[in-house]
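Take a look at the structure below.
Chain lettering (A, B, C, D, E and F) follows the sequence in which the chains are written, and residue indices restart at 1 in each chain.
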């Protein structure tokens, strides 16, 4: 009888807090949004389920949670805390990304740079609120709209905020179809939204092969901290484009990225224990994250409008919003908003250029923040 | 909450540095990919002859179609897509033997080698 | 070998506790899955309309057939199985773009996006 | 010449013991059973070959075996000794398991609980024989008829017995078609074996989606130690049923589980070095394991007979035997024995309900034993 | 402004040395050879790209390179430095290799032994030049013409030379079609090259199943150090041939070997930082490597000629050259050279026998060197 | 550079030992695979009856063809190859249920079990 009572004292009924129940509810919400609304299901389902598991991992004296040494979850979380999973995700993304539209639209690359202003203004905002510089840098990267990059930088600069930053980044990425359209309509005129862009030119195989090598060298020289992320992204892309390593590219973009996605999503979710997650800091992070996405969107649009002052072939400023990354949702939102004005205007292929450039831009920004702010 | 935090944390310096470097990086990438086709064009005489067979064009929809009937576009897109996936499925099976000549048919005849072909 | 070992090791207490908790757990699971369809039924008004297209029935053999001719059963089972595997094979290719509307056909037309669609 | 002699001193001929040869013969037997009899080949082949390798890893002064620090086998074994592989196997199993039959037969779930009596009676038997409580718990779990669960719990409670427990569990799981039928026939009448059960009702997609989430919460609250195993099982199942994460489920149930199965089976096999494996303890473990399976089978059958006293729609007590787990062999045995009496009686789909419930039951039992017996 | 200047001080422009640029150029050359010449693309592309990444990982104060503790690359390199990747590669190779030709030509196995003379003569040469015995052993193994074996042994005997040895081994394996033909023509007469060999007999499934088990036992008894490599090779082969574990074999030869190949190639490449790679030692290693390949080729051919003195059914000595391994390039070269004399002479299937025997021979040689030279 | 290094490092001893052991190992392997078919032949009485259905021959080109027309060889090789790949693709789908009898058809009829069949 003693054993039963003692056992019950360890059970979840005795140890789960209200905060844990809140987090479990949030996990269920994530899963529901993924299933019902189809928001980023490949991430929200693992993160949501991980959050449920993590908030049930509260038995005293048992090694269960990601923070308990020797627990299974702690081993799975190791790839997050050491920043190993994000580059492997980037490998797979590189192996599935066709950079053709960007290669045929070099000037649209600049829109992917402009949108990174969200990162740095958010950093200033986070400093203002009282976060330390390292924390502020990690929070700013939410504006990069790139989950793996956010996790990678948080692991380096502010591991204690990693859960909140990752959840914030993925939440807003899932909400891109909700967040971006009003800002896009606010900052553009109907005439601008009606602009049609010239179809991109053909891109040769040789260009596609030389692109990853050159881009890696440029980015790594200018921002060494971006080496691992961009290195893996470009490595994956070279495997895809080389024409002689298709079987490696195929594995990188299927089995390998799937395995890493499962482990990353689940263990990031499991790290959101109420005890460390439900803090005032997290609320600040979520607020700053929303601002960050808005600024980034505006930055991309305004940059497009600014470029139009000098260009004869005008850019539809809607594609600027795709510079935030959040590939490919953000580009699809551009297309959608554009078609509200003109159903025959196909912006998607144009929007993909700033979209993928934004991934590179965020990785460079992460590299800078890492080298400037690290210990 | 104070502007002092921003100043102490070198917030402005980091932001300016950051945006400068991000732009510098992507401007260089932009220039690189703008210059790339011309460089390849010029340097390509030798290489082109060698690799003419391989250089296939990307599947970007050609300019003339960009304002055409969307249903047509959709149809073309669908076919391109389908062919590409088909190619991918085949690629999956492809191995790394050199595929360039007579020789190849003989290897096939043996029917033994395939599984070894991707060996390190 | 001695009954003392069992007593010292709290063998009986552990066994009773264990079976009690195992039964408690599975009784709760049993109640949960018994209650689930009714709860979904009642709470389902809103959700049902939203998701009617998706809610497909499982492939359980219907009651009327349970005592039917085994050859018939086998045939039906085979078809269900085959269809399911076919569906699975297709699923494998499926991506996570929203499949719900017009919009989709346009994406397909572009023929570029597919590979990015599953991006994080 | 000295070098040659010295080298020969290190060679296998000088160091392989009779015990090693016995273990190698056992490994070959496992492989033969898998190939000739088709007993659990996905496990017996890796375990058998691993046993051969492990018992050849005996050169003094070289770091070869799973127990030698820094050896390749020790790295592969790490996933066993830290309990990492079993939850990943459960992830894949969840992603391939259809819980429909169980969802449509809630009362059959109880049979999966009853069969766990084998675990706890075996624990008492092991204590009686002289094993420590922790060892006894690990040995008892053999009656759960679930390889990953047995490995997980042994790694926590009695790592020194892990090899013997794992081999015992997998051996008897492979022998389910031999062990169960006589017990089933002994404990049931012909009339009982002739009972036909009503076809299960249809199960909706929504039920299938809500099942894994609810089940996880219930099990983890009541037995926190089962969190990781049941968490992963239900996570895999949610990936399968959500309808929006099929590519992750597909990888979890193919490439990912295959890789983990290869590594787990091989390294468990390699851990069975004669020097640590051929002990009187191991003989005790095998004897207790056989008893455990028998009791579990009887427990399931008797529980079904007991339930029939209260039910108007009788349960065919044969399906109770499937409560031991050993999915799906045990359910197939039920079907087979039932058809010996009535070739048109299809028990399989009914037997799957206690069968999968038994997996959950064993995981709960493992969670309880872990929390009661650890440290 | 200070921050910008400080940042620039960390950037690649300030830290990349001429040596790094040389290594980057070598990396690009590797990729080009793979794409244009189709030389071993599955390895040269990852190694080449890894070399570019590794030589850009030079920012002071940041943990980037494979040699920096806690860096992502260091985690990926762990599988190289601990010798974990090579056995996993061998698992996949075993699962894709059909040993039929060897099983039907037992005497050709000896040619795979003879070619290993390259390993041991090179060891003597390396000692002569001034390398330590352990280093000399690791260098000698280049003559085994087997990448994973070379990496495995170098990790044990001379981790500081691993990069140079691996690069040398893979370079010469890629260059087999260039290196071997002149040696083959020099050492054989036209009459010898015209010899036609009898077609091999049929091989039964049972032979194929018993082959991996027996071979493992023989090799591990005689050279325990070869246990892990040959164990995994034969394990993969048993998974392939057993007929009951095809899904495991399929994963081992596709997703699993692809993932390991990506990680191994990339991280071996990334270990070739100019700072540790561009040394006089490396030049010595490359020179010895070339000699090693030449001796191995000659050894195989001369052994075939020697055997012909005693045989009535003559061996075409060209197939002796395949004993170096470099599967399957080396066997294809034999076929090619043979057909220059007689287009209807199909040596390929005969050459596969010494070719795969050479893999086993090199692994045995590695095992010997490990046990004789370690510690 | 000196021969002393070789002597001090036991270079010759290692080389001789090494070649001896490598040859010993591969000679044993060679003998093993030479003896194997005869042993199986003799010991195979019992096993052969049991496994007749399974023992398929490998796809080695039979002796009579070895000097035949290369085009014929190539054609045969191609067919063998294609069939083998087809078989492989099927294998991929195969599961580990015993495939030996009536029983099997029933399992298939149920259409539920397949995914569980490869469970641990």
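We adopt the following convention: a residue touches a chain if its C-beta (ideal position, glycine included) is under 8 Å from a C-beta of that chain, and two chains touch if they have at least 3 such contacts.
Just so it is clear, the structure is predicted and the values come from calculations on it, not from any experiment.
Chains that touch both subunit A and subunit D are the following: C, E. In terms of C-beta pairs in contact, the better-connected of the chain pairs B-E and E-F is E-F.
Annotation: the A-C interface is duplicated by B-E among the options E-F, B-E or C-D, judged by over half of the residue-numbered contact pairs being identical. Averaged C-alpha coordinates put the centre of subunit D at 30 Å from the centre of subunit F.
Our note on geometry: subunit A versus subunit B, Cα centroid distance of 22 Å, whole angstroms. The distance from the centre of subunit D to the centre of subunit E, each centre being the mean of the chain's C-alpha atoms, comes to 40 Å.
The residues of subunit D that reach two or more other chains are 3, 7, 38, 41-42, 98, 100-101, 222-223, 243-244, 247, 250, 254-255, 261, 346, 349, 368, 372, listed in rising order. Residues of subunit C in contact with two or more other chains: 10, 14, 17, 21, 47, 51, 59-61, 70, 73, 96, 106, 109-110, 112, 118.
By the touch rule above, subunit A contacts subunit C in their complex via residues 1-4, 7, 36, 38, 40-43, 89, 93, 96-98, 100-101, 146-148, 253, 261, 327-328, 331-332, 335-336, 339, 346, 348-349, 352, 356. Residues 98, 100-104, 106-107, 109-110, 112-114, 116-117, 119-121, 123-124, 127-130, 132-133, 136-137, 196, 198-208, 210-211, 214-215, 218-219, 222-223, 243-244, 246-247, 250, 343-344, 346, 349, 357, 360-361, 364-365, 368-369, 372-373 of subunit E touch subunit F in their complex.
Those residues of subunit E that touch subunit A in the shared complex are 3, 6-7, 10-13, 15-16, 24, 28, 31, 34-35, 38, 41-42, 45-46, 49-50, 52-53, 56-59, 61-62, 64, 70-73, 75-76, 254-255, 258-259, 261-262, 266. On the side of subunit B, the complex with subunit E involves touching residues 10, 13-14, 16-17, 20-21, 50-51, 96-98, 100, 103, 106-107, 109-110, 112-113, 115-120. Partner subunit D is touched in their complex by these residues of subunit E: 82-84, 87, 91, 209, 213, 216-217, 220-225, 227-228, 231, 234-235, 238-239, 242-245, 247-248, 250-252, 254-256, 368, 370-372, 374-375.
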